[in-house]
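Here it is, the structure, as structure tokens.
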Amino acid sequence: MLTSAFTGQIIVSGKLFQLLTALTVGILTYIAYHYGKQGRTWEIRQLDALEAIYDGIGRAAETGRPILMLPGISNLGNPQTLAGLTLFGEISQRSAEIGVEAIASASSTAVITATEAIVRGAYTAAGKPELYAPGKYVRWFGGDQFAYAVGSAGQIMSTKPSVILYAGYFLFDVIVSGDMGSRVGAVQIGGTLGSMEMISMMCDHIFIGEELYAASAAITQDKMSMATIAGQDWVKLSAVGLMVLGILVKMAGSDAILNLMGM
Amino acid sequence: MISTDPWVWISALMTICSFSLLYGENPLFRFGEYTYTAIVVAHSVVTGISTLNSRFAPLFSGAKPLLIIPLILGLMSLFVVWRRYAWIASFPIAIMIGVGTGLSMRALIATEILSNIAAVIRESGLILVGPPVSSLGYLIRVVFTITGVFYLLFTVAHKGPLNKPLSYLREIGKYAFLSYLGLSVGNAIMQHSGLATSAISRLLGQWLGL
Amino acid sequence: MSKTLTYYRTYVIRALIIICMIATLASWYLVSPPIDALANELSIWNMNIVTFTLFVGVITILSRYVQGVKERADNWVFMLYAIVLIVVWIIFGTFTGIYADIYQTAFLSTKITLHISILGQLIFFMTSAAYRLFRIRTTRTLLYALCTATIVLCNSPLLLGPFPVVDKISFWLLNNPSMSGSRALMLTGGIGGAVLGIRILLGLEKGALRATEEL
Amino acid sequence: MLVYIVTCTIPIGASFEMSDITIEIYEFVDALPEGSVVFIGGSAVFAFDLESSAALIACLKHMARNKLRIVCAPFGVEAVQFHKYCIDAAGVMKNRGGDWEYGVDYVQLPYLPGGAAAYVALMENIHTAVATDVAGTPLNDLPLMQEVRNHEDIDAWICPHWAFDMIVRYVVAERDIPAIYFAQAAAYANYVPYMMAYPGKVWMTNGFLGGAQYEKLEGVPGLGCAVVDSYAVMSVVYVGFIILGNITMLQSRDEEEEIIQ
């Protein structure tokens, strides 16, 4: 057999399928990138939590209470923090336009700087640059995980926001601020790939898993982020296809697919 | 009997400092917090010194002179904190990114992706054998996993005639995630409850001798 | 630094990333002793370089605290205390070694005690949250409250003693419905990670490379 | 808080049943032949790992009784302290009344930095990946390490730490070594798919309850049993709060309806 001669001499035996999978992932990713570069866009399906954010902005306008955004305990290198800040950019822009205050607090000083820049940009874009003042909307309570949790809980108590958005990297610390959020009766929306169960316990609406990234791509309509998501979707679809094919073959009483996979 | 060991007293003070968080922000908690941060960084330095001694022992004994390269690269990585010369650190960081990503990629494909797909296929063969409880379990595993992955598709199959039937699949997938999250919360409660018990029993037992 | 140098530097960095990635991947898939040796050497270099990152934390924290004390910022007294503690601890630790009994006792009585009690007391927040958050308003919260309450009760000895079968229930729930949700997340997370790896390899991922290029 | 203080001071001695998986793990360790080399390691966060310590301490006593030999490999900065804590608490070393002698039955490696790279390098060749033990003694001077050179000399891996994924990827999947995970309750739900993906090679216990079960099997009640005892009351309090929350919500809803009428 060609494969058996091939494996063992050039490819380590039993790893041919793994290598083919890696190549497939590579090719699909590159095709998606290529389409993205050519300007192709994809429509991202409706995300419940994103709709809830839009509703929340309206609710904040009705009640006159602010919207609080927490981008988590990680720094700017973390894609989750970046996705969270993208969401905050959109929220602060929309809020500035209709006169709702969008406030934030972060744990990393780099994130604080980025958040300040976002707020300033939002007020400028909304034509109200005079409303912006440094330190007015963004607060820092120290770099430690729990200092941040306690600080933001204090911020929630004093500002009584109508909506709280947790988007970024969170661990168990979120319980402290989440508990306070539910005490003041805020609608809580959250997404993280850190301690997802704690976020889901506290929040009324959640971004499950990678929905957080999808939401940030849907908001910005950035072609390259959409291309990344589309590329991943194709790989996921291939995985589902392989599973379904394997199940059908298995139901027919054969282990052919499992043997092919080397599992 | 109340303990006379000074370390037990320090430990008790630390427990009280952190439990004071229950009353909100206060100087006692701040004291605990700064103690915590200080010891975390100091401990990493102490560990770092002893690790360097161990890792570069073959270099200094002359057994492996090639280790001079990672020694230089390691020193270069410290420049990351110095804004003006931070570019020097980019070379060692490149090695860390390259090796780390390569290793995780090959492992993700074998472990996270293929072994889980294989597990689903194997389990589908077990649905029709065994007692009803385990059959139901295997059926749930297969259906929930596939629909769960389906839920996390964002750009395909959410338009056109297929949308309606597929939206039911997505709905099932969503419930798979919700049951996972709900059960994890239950388990997390168990863990934190246990940690609270151990902290309080230490306080009561060792310090106050109850 | 001049533009040309920056330009060359970017290329050297990209080449380094790609060489390291290809070596670690190829040593796994392909039969080639030289590549295996290279990949193994790179892994050891990586271990040695990472050791130095243990010192980055202390440099940033100390510089921030020293600045804070100089400017008499909020909590500067605590910062001063932290600086003294860091220096004393490092001298103490280096002197005794990390495997000494006295170091172990000191570490357990302070850092570990603090950490355990901080994590442990979260249960009080959770209990207070249980009162407000598990109010059944929708099917989602119903499912949620049911799942949590079942697992909390099924792991409790109060039920485990008289009804041993509840242990089977809790394991069935964890190993079937919960496991599938977790598995779907693991699978898609794995795919996300593999795609990220490919994008770094092809030089498309600005996010991860930003760490090296914007310095 | 009061509930905790009461349950901590007055144990109610709640009984509990064995899980099948804990029994399987116990039997697996029991079946390892005398002199087998078991690695204990992973990336540690001590405070979380305290939960795993219950099972690990009982397991260490079990392994010492069966004359197995262990090597502790710390991949996290707090792991050295955690390993020392468990070894000391188990009382298996000669200076604490046990049978194990350092260097012959037990070796503590120094912190192994680098995450994935450290696992891969260690599996490939332990002596090139790390030169000395934690105290700076060259590995070649330790009798145990003269026999243990690479992944082929490792019979099982026990992970009492947080990041189990690394061990599954680089130890179980790449090198085919069976692994036992004394999982923290919060980590169990995340990592349980691995147990299904590698049946017969990966086993997991669940939290303090798993620890208490192992303690019961080995006949050495410790932290696990104490915690499970207090948990009996706490679980009822917790569910009580959930029910109370719902009752008050229903009541307030009735009141609102009355006001509207």
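To keep things simple, chains are lettered A, B, C and D as they appear, and every chain counts its residues starting from 1.
One rule holds for everything that comes next: a residue touches a chain if its C-beta (ideal position, glycine included) is under 8 Å from a C-beta of that chain, and two chains touch if they have at least 3 such contacts.
Please read these numbers as outputs of a predicted model, since none were measured by experiment.
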item	value
Starting at chain A, fewest touch steps before arriving at chain C	1
Central subunit by CA centre of mass proxy	B
A-B against B-C, pair bridged by the larger set of C-beta contacts	B-C
Rounded Å distance, chain C centre to chain D centre (Cα mean)	18
Computed distance of Cα centres, chain C from chain B, in Å	5
Per-residue multi-chain contacts in chain B, two or more chains	21-22, 36-37, 43-44, 47, 50-51, 55, 99-100, 103-106, 108-111, 113, 115-120, 141, 145, 149, 151-152, 177-178, 180-185, 187-190, 192-198, 200
Per-residue multi-chain contacts in chain D, two or more chains	1, 47-48, 50, 77-78, 80, 113, 115, 117, 120, 134, 174, 186, 188-190, 193, 196, 206-207, 209, 231, 234-235, 238
Junction residues of chain A, two or more chains touched	18, 22, 25, 146, 172, 176, 196-197, 200-201, 209-210, 236, 239
Residue ranges of chain C touching chain D (in the complex, touch as defined)	24, 28, 40, 42-44, 46-51, 53-54, 97-99, 104, 107-108, 111-112, 115-116, 118-119, 123-124, 126-128, 130-137, 145, 148-149, 152-153, 155-158, 160-161, 164, 167, 171, 174-175, 178-179, 182-183, 186
Partner chain D, residues of chain B touching it in the complex	22, 43-44, 47, 50-51, 53-55, 57-58, 99-100, 103-104, 107-108, 110-111, 115-116, 118-119, 123, 141, 180, 183-184, 187-191, 193-198, 200-201, 204-205, 210
Chain C partner contacts - residues on chain A that touch it in the complex	8-12, 15, 18-19, 22, 25-26, 29-30, 33, 77, 79, 82, 146, 172, 175-176, 178-179, 182-183, 193, 196, 200-202, 209-210, 228, 231-232, 235-236, 239
Parts of chain B lying in touch with chain A, wherever the complex brings them together	21, 24-25, 29, 33, 36-37, 105-106, 109-110, 113-115, 117-118, 120-122, 124-125, 142, 145-146, 149-156, 158-159, 174, 177-178, 181-182, 184-185, 188, 192
Chain B partner contacts - residues on chain C that touch it in the complex	1, 9, 12-14, 16-25, 28-29, 41-63, 75, 78-79, 81-83, 85-86, 89-90, 93-94, 97-98, 103, 105-111, 113-124, 126, 140, 143-152, 155, 172-191, 193-194, 196-198, 200-201, 208-209, 211-213, 215
